[in-house]
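Report on one structure; see the data block that follows.
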Amino acid sequence: MIRIFVTGGTFDKEYNELTGTLSFKDTHLPEMLRLGRCRVEVTIRTLMMIDSLDMTEADRAIIVAQCRQASESQVLVTHGTDTMVDTARALAGDAGLGGKTIVLTGAMVPYAFGSSDGLFNLGSALSFVQVLPPGVYLAMNGRAFTWNEVAKNRETGVFEGQ
Amino acid sequence: MIRIFVTGGTFDKEYNELTGTLSFKDTHLPEMLRLGRCRVEVTIRTLMMIDSLDMTEADRAIIVAQCRQASESQVLVTHGTDTMVDTARALAGDAGLGGKTIVLTGAMVPYAFGSSDGLFNLGSALSFVQVLPPGVYLAMNGRAFTWNEVAKNRETGVFEGQ
Amino acid sequence: MIRIFVTGGTFDKEYNELTGTLSFKDTHLPEMLRLGRCRVEVTIRTLMMIDSLDMTEADRAIIVAQCRQASESQVLVTHGTDTMVDTARALAGDAGLGGKTIVLTGAMVPYAFGSSDGLFNLGSALSFVQVLPPGVYLAMNGRAFTWNEVAKNRETGVFEGQ
Amino acid sequence: MIRIFVTGGTFDKEYNELTGTLSFKDTHLPEMLRLGRCRVEVTIRTLMMIDSLDMTEADRAIIVAQCRQASESQVLVTHGTDTMVDTARALAGDAGLGGKTIVLTGAMVPYAFGSSDGLFNLGSALSFVQVLPPGVYLAMNGRAFTWNEVAKNRETGVFEGQ
């Protein structure tokens, strides 16, 4: 059984055709898991629906607390890519999470758009979380990175080992 | 470095608009890896482009030989779902593959169609192959199965543990 | 008010993931009109769901009778491309249709697949039927053809004036 | 032969994955015509690539001048929906356009996104421009409106007759 926490990010952004802007409505996670014919047992909970640039320390504290309280030992967090590393650090700094495998993932292009990397990343993150040993990881670009060995290259949009 | 062998299957089927039938042209793997913003180093080689129901023992022998000869220790094989288990068994029966992690994956719906599970499965298989210990596995429905503990349920199209 | 008669054809074919074949379920017309934000008043009726190569003279008689009985003077018929011209001829041969504008359209690639021409053709046919004078027409490849001045080039899949 | 002038608008907006914003690159018109298997002869020229809310009177003067100078008597203009009516009015006010059929169209959702009305609208506009008498029209929501008998309802995003 895997716990999935949704926090928003590019992953779940949609085009609002009345305002011509990008915004959040509901998460696309259930639809994406259906598309992937996923048969892993998951419980999805939306913690927030925000751009990760707008994420405060209080928001991060909520994510950390929810991961700590989750009864599952495998936890996937969908998150905006811009501050994904910061949230991973906050999670890694919490002693109460010791025995859990926590994987953060996101997308460079919203799932609702044609050319999204979201479905690939979700398949990747769901797989890594089932087999990696306890710890906090980022799953992006087909790779898994330990939380303190990765940074997003803002020029290229690619996550790179440090 | 991961080796990817393409053998065809639903994954790579396309709609031929002149004949109104499904057939094979080139593999979609490079395009799918681009869409997934995949930065894992891979080498792709197309071994055949066939429906797995048409796969002969000679075809399977080619796949086994290629997996044995590959210098990479992580190998991903795209394959039709109908006889994926048979090819996995052939691979597992080859003593020369002992030290390699081989993951087979496929799709229930062609990648070229709107509602394909292909991108999800590719993200999943690429992740499993990087972290699972040596052995032969199937990656479908978000899960990894050891080759001798899985069967495709033909009523539901779902791979199930045995 | 426009009457739309659905007869099947490539337009409405779907991929059956259990059998790996193309088949019919329900028509995609309502979904396509919603996607096109269409605000023209239409009434949709499915007459049959068949490949136009399987269409018999009895099937054509049903289409002709339904077009004759329709109270609307603008009628759109979705149809497989292979025998679209034959059905157009049957319609043109019916004296009772004199005052109506009837437009047949279809698709080279199923709407459910990524690269379909279906939405373009539907927008085209719906527009032509509103402004063309009474008669029987085919709307394909962005053009409208009078029923007796067109043939499908089976080498290229393109409808050409004769 | 139809002349197509591209001015930008939602139609051609793309998601910039590095900045997370919507912006313009190249027009999608050629790709859309290819998808629609369009065989109408067209000449495409990009006049500007802007949001129609940013369109100035000088920009409108360019569009009017280009429509006047075009040798084709059928002209299609892609345009943002917010000020499409304003540009139509500017075109209608130019005496030199008297003999031409000019149709403006656009989209509520960018073509590059999954759920766009763009392909439907393009099929519709291309069809209307071939058969409507000289004048200036808007093609949206499956309908053609004379320039002075339409307004965009900003609450619903729908173009309505006045």
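First chain written, first letter: the chains are A, B, C and D, and each begins at residue 1.
Quick note on the criterion: a residue touches a chain if its C-beta (ideal position, glycine included) is under 8 Å from a C-beta of that chain, and two chains touch if they have at least 3 such contacts.
Since we're looking at a predicted model, the values are computed, not measured.
Student: Based on mean C-alpha positions, I'd like to know which chain lies farthest from chain B.
Tutor: Looking at centroid distances, D is the chain farthest away.
Student: What whole-number Å value describes the gap between the mean CA coordinates of chain B and chain C?
Tutor: 39
Student: For chain C and chain D, let me know how many angstrom lie between their CA-based centres, rounded off.
Tutor: 26
Student: Please tell me the distance, in whole Å, between the geometric centres of chain B and chain D computed from their C-alpha atoms.
Tutor: Centre separation, chain B to chain D: 45 Å.
Student: Where in chain A do residues touch two or more of the other chains?
Tutor: 108, 115, 157
Student: Give the pairs of chains that touch; include all such pairs.
Tutor: A-B, A-D, B-C, C-D
Student: Enumerate the contact residues on chain A facing chain B in the complex.
Tutor: Those in contact with chain B are residues 32-33, 35-40, 108, 115-117, 119-128, 130-132, 139-144, 157-159.
Student: Going by the contact rule set out above, which residues of chain C touch chain B in the complex?
Tutor: Residues in contact with chain B: 10, 15, 17-18, 20-22, 51, 82, 108-110, 112-115, 154-157.
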